[in-house]
Amino acid sequence: MLKKIPQSLSPELVKVLMEMGHSDEIVIGDGNFPGASHADNLVRCDGLMIPELLESILELLPLDTYTECPVTLMEVVKGDSYKPEIWDTYKEILINSGEENTKIEQLERFAFYERSKKAYAIVTTSEKSLYANIILKKGVIS
Amino acid sequence: MLKKIPQSLSPELVKVLMEMGHSDEIVIGDGNFPGASHADNLVRCDGLMIPELLESILELLPLDTYTECPVTLMEVVKGDSYKPEIWDTYKEILINSGEENTKIEQLERFAFYERSKKAYAIVTTSEKSLYANIILKKGVIS
Amino acid sequence: MLKKIPQSLSPELVKVLMEMGHSDEIVIGDGNFPGASHADNLVRCDGLMIPELLESILELLPLDTYTECPVTLMEVVKGDSYKPEIWDTYKEILINSGEENTKIEQLERFAFYERSKKAYAIVTTSEKSLYANIILKKGVIS
Amino acid sequence: MLKKIPQSLSPELVKVLMEMGHSDEIVIGDGNFPGASHADNLVRCDGLMIPELLESILELLPLDTYTECPVTLMEVVKGDSYKPEIWDTYKEILINSGEENTKIEQLERFAFYERSKKAYAIVTTSEKSLYANIILKKGVIS
Amino acid sequence: MLKKIPQSLSPELVKVLMEMGHSDEIVIGDGNFPGASHADNLVRCDGLMIPELLESILELLPLDTYTECPVTLMEVVKGDSYKPEIWDTYKEILINSGEENTKIEQLERFAFYERSKKAYAIVTTSEKSLYANIILKKGVIS
Amino acid sequence: MLKKIPQSLSPELVKVLMEMGHSDEIVIGDGNFPGASHADNLVRCDGLMIPELLESILELLPLDTYTECPVTLMEVVKGDSYKPEIWDTYKEILINSGEENTKIEQLERFAFYERSKKAYAIVTTSEKSLYANIILKKGVIS
Amino acid sequence: MLKKIPQSLSPELVKVLMEMGHSDEIVIGDGNFPGASHADNLVRCDGLMIPELLESILELLPLDTYTECPVTLMEVVKGDSYKPEIWDTYKEILINSGEENTKIEQLERFAFYERSKKAYAIVTTSEKSLYANIILKKGVIS
Amino acid sequence: MLKKIPQSLSPELVKVLMEMGHSDEIVIGDGNFPGASHADNLVRCDGLMIPELLESILELLPLDTYTECPVTLMEVVKGDSYKPEIWDTYKEILINSGEENTKIEQLERFAFYERSKKAYAIVTTSEKSLYANIILKKGVIS
Amino acid sequence: MLKKIPQSLSPELVKVLMEMGHSDEIVIGDGNFPGASHADNLVRCDGLMIPELLESILELLPLDTYTECPVTLMEVVKGDSYKPEIWDTYKEILINSGEENTKIEQLERFAFYERSKKAYAIVTTSEKSLYANIILKKGVIS
Amino acid sequence: MLKKIPQSLSPELVKVLMEMGHSDEIVIGDGNFPGASHADNLVRCDGLMIPELLESILELLPLDTYTECPVTLMEVVKGDSYKPEIWDTYKEILINSGEENTKIEQLERFAFYERSKKAYAIVTTSEKSLYANIILKKGVIS
């Protein structure tokens, strides 16, 4: 544990966040996300929920302002009437992060998987909410 | 995630628990425990607290009945009047674990460190309570 | 050995099952299955038979309910009148597993091999029954 | 699987048996044996019992004729009246192995552990019988 | 060295033969065969000749009965009147192996190289006879 | 680069600082310090000077309050009248760090080398001032 | 540190520069450059600025005289009126390097990224100026 | 150093030459050749010149007699009037090698690079002559 | 295979012989020699006999002339009347090797094992003669 | 190859020289020196002679001025009247190196070997002169 660094972030995860550069992406997956089969860099955070982790990550990670939407969620499957309440939590965390650009886009499930394969890293959690997976695109420190 | 296995346990931690045999020991250290410099096998659980983790581990791990005390705590330093309340939580968890032998011994701080070096694995957490480090000795499945 | 975890499952196999996410697949091959040449992750279980192993795996692994058939068998080659009796054993094990969706599809031999290459892991056994290879698609824990 | 080689022996175990030379030792431990913490070479055989494995190993491995006792068992702890029935099974297997020298010595528990650390390899099983651990000293092929 | 296993087979080679499954192939190349540049798994047997090695391998390895020809030789280049006498030795060894199907096909030189790249393993020897390279397809143990 | 983390710290160095626990030590050596031959974990910071790096590290790293002196300098060799002015800079940085305990002890040159070998990590720089090497003992985050 | 070699160059960076041959390229990226996701060989120089590093590198590295422009900059995005003042610094460093050919070409941003992926190495710095990324093509020593 | 083996050949280089089989190729590059970026197996011979090395290699390596030209040089670029005098040295070394087939072909510069990528190994030297790069195709020992 | 190098020597063995320096030792063990448990560098030559291998090795390896006896054999155990005829073969090979100093000493069995542990490498063969193990001490090439 | 760096020094050797710090030692051994069995870091320079290499190394490496003798030679064995002429060459190279302290001490043969084991690196060459081995102690760059 260090001063200034949120305590739920592991040394490995902070290292990965630091290694990322402008426009690299990180996926935060829920407890059922197939991380091991899709990731180049896999960081497991078993026992953690996404909202707490997202808030901790955004204390350190700047979001991209050179792109329309630096945040991506997995679109609710067509015909499914489910409303992911966790998205409201995410929006509040994003607004409170102090980041300039927190616009969100949605991506169809299989397109989301394909994009995850190209991400710099995938973080898996024990989150149980449905449609909780989220991708963040890193911005610049100036 | 799997059926029957507590969700805060990582694949790596379950693997380590399975690899341990009769009388091998595992240390669960708090957020300031020097795990990386003392462990042969280090399993980081950043973001988790010890009581939850201890409870999860005891759902799987049998405690040794061939030894006097299969549980070891770090003794309060002489002259220190601090009373570690977290020990009461531990006792309750141990009692509720259904294990036959849950006797606890205490070990002086530096002896505790030396014994940690010989443990099969050290797990580090983000636990902040003082004197929260704990060693478990594995028993047999019959 | 741990409480709750079937004793014929190795630490490595349990770790692999835990690492798998929603829709990842695992192949359980018989004693002649070309596992080493087809697997990304190979887990050998020499000396074990498939029914016992399948039963143990299903104690932990949930089957996918988002797909038509989460279980796949290798189709009997056209013109071959052989009736794989082991399939009846599999069906009984699947029904007793308590899983919600245990529907089975069949796949032509070479298509089965191709799909095995994409599985997250292949487990090989010493099973001698013909047409005993089986693929399981992992479901979600909610 | 190959002709002539017992099917419960894994490729890794046969390789280890072949690598051993005159007077190298192999430990076959029960399901609670602390193999991972004591072995240089660890071969896990989860799900297998010792009698079957011992029989298979002795189909390939010659026992040492240059030593008094090429077979070592863990001595029953003093004061314990337990009689390990599995030893009778072992004796029968040893006699049926066709080996010239199958004399057995017993070794006190902690001395047994120390000797295990020096063995070329340790094999762990799911054997549940008490006092079932056994050490074999390899002989020569002439 | 072990009982039952031919003494010219190395632990590594036996392990490779055991890892192979139904329809996996192994190439036995002569002393000039470009093994290191074509093999996924390379097993060097410097100092050995192919007939002795082939005989030893066939003591353990079953040939495929589900294919027309489980044995493949490198075709004599068109226009070359050389008659590879070593093939007669191979035929005798194949017949004496007790294998059910020992039919041989021939493959043009460059097609032979391409197929070698896909084999599970390549064994290189010090064999000097021309056209001595041979591919074996593994069958099943039932 | 991340928010809150000083930009001269590499991902590897931050990871090392995070991995350290209570009472683990880190050495910051000058440009001639024999780091590669003394370190378990070596982190090179070629091109950086110690004052800037020390200031950055102390933004994150807490100093030990359970020890008399958490900071150690290399004692000026007896008979040498040199006065290391850089020590004044260090003292100022330590005072401005906000740390509770910044007491400094001095250690004879060869004792300093021996202690460096036991440190969790050594950081090397391009610092040219004499007697600029410094050891920090990590404290706790509460 | 060695005689003749600029002190801000790490052993790893000098090794990389030496390994490069005629026409191999090296990218020097700013603090936000996505080096870890684009590089085959990544050399981190956290805490350093590009001008100092460029000057040090050019003390050792010859530029290619067989190509039109051995230096490549990232073109200002169309519509952006920003004028990268750091380019003037680069030009001065290039002129003072004594190299025969220091001609500069510009490359559109995404083409620059693609070319970076093919470079022999990427060096990342803490440079904050915009459009500061630069590619050098190595020439010959005759 | 061994009897019979030229003393400028390193253990690694001799091992590579031995591993090569019929028709595998080895590139000997000059001091500016981009070996590290083009080689699967790179053997550095810094400080050596090509003629001495070529002579040493040809004491051991047979040239291919099944191909038109087992030796390849890099063609002088069109329009360049340079005459590579080192080629005369090479021809003399080739003639004195006692090899049956020492015919030489020339290959255009970029085709030469492409072919180098497919070679079994690339050796780099400190040779300074222009157009000194050379490829050898290995023949058979009968 | 290469010119001048005996064909039963593998690339790995020749590399080891080249790496050895003045007074380094190599053990050539018989088929029952416990090589894997005693060697730092183990080179297996399954299928080869020692006389042929010894002759091949001595074509390359010089014996030490700075020591009394550069060749060591394992002494016949006291009380054993066996006369190792293979020693006569060794003596003839040694004499024919052209080496200046081929004096032989004998070493008691367990002292022989201890010395083997300190050798640079151990070569194992399929030799079946008793007391066939031999140690060679490398001399200098001048 | 780079500007300023002598061309007979490999990237690996320059890296090692840079990694060394004050008082670390490097051994330059002749062609018969047992480098592989004595070195932590071994750098082979087959084909090079020591004088040329020594001169190149001293262009970069400063010698220690804090020790009596930063250069160590292997003492002529007692009773041997040989006079190592190469030492005169070394002295000339040392004087011409511009180093402030080039005093030489001699060390008895076996003490020399023991000290070599503690050196940071050993470089082996093809030097044939007797008593040509030399140890250099690195000084500081100020």
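As written, the chain order gives the labels A, B, C, D, E, F, G, H, I and J, with residue 1 at the start of each chain.
Rule of thumb we're sticking to: contacts are C-beta pairs under 8 Å (C-beta built on N, C-alpha and C of every residue); 3 or more make two chains touch, one makes a residue touch a chain.
Please read these numbers as outputs of a predicted model, since none were measured by experiment.
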What is the graph distance from chain G to chain J, where chains are linked when they touch?
-> 1
Where does the G-J interface recur among B-F, E-H or D-E, taking recurrence as more than half of the contact pairs being identical by residue number?
-> D-E
Chain B-chain F contact: same residues or different, taking over half shared as same?
-> different
Maximum distance between Cα centroids and chain C occurs for chain J
Can you name the chain that lies farthest from chain E, using the mean of each chain's Cα atoms as its centre?
-> F
Measuring from the mean C-alpha position of chain B to the mean C-alpha position of chain J, what distance in angstrom results?
-> 52
Using mean C-alpha positions as chain centres, tell me how far chain B is from chain C in Å, no decimals.
-> 35
The distance between the C-alpha centres of chain E and chain I, rounded to whole Å, is 32
For chain G, residue numbers touching 2 or more other chains are 1, 7, 10-12, 19, 31-32, 140-141
Using the contact rule from the top, write out all pairs of chains that touch.
-> A-B, A-C, A-F, A-G, B-C, B-D, B-F, C-D, C-E, D-E, D-I, E-H, E-I, F-G, F-J, G-H, G-J, H-I, H-J, I-J
Touching chain A in the complex, chain G uses residues 29, 31-37, 124, 128
In the complex, the residues of chain G that touch chain F are 1, 7-13, 31-32, 44-48, 52-53, 126
Which of the residues in chain C end up touching chain A in this complex?
-> 19-24, 120, 140-142
In the complex, the residues of chain J that touch chain G are 1-5, 7, 10-12, 14-19, 59-62, 140-141
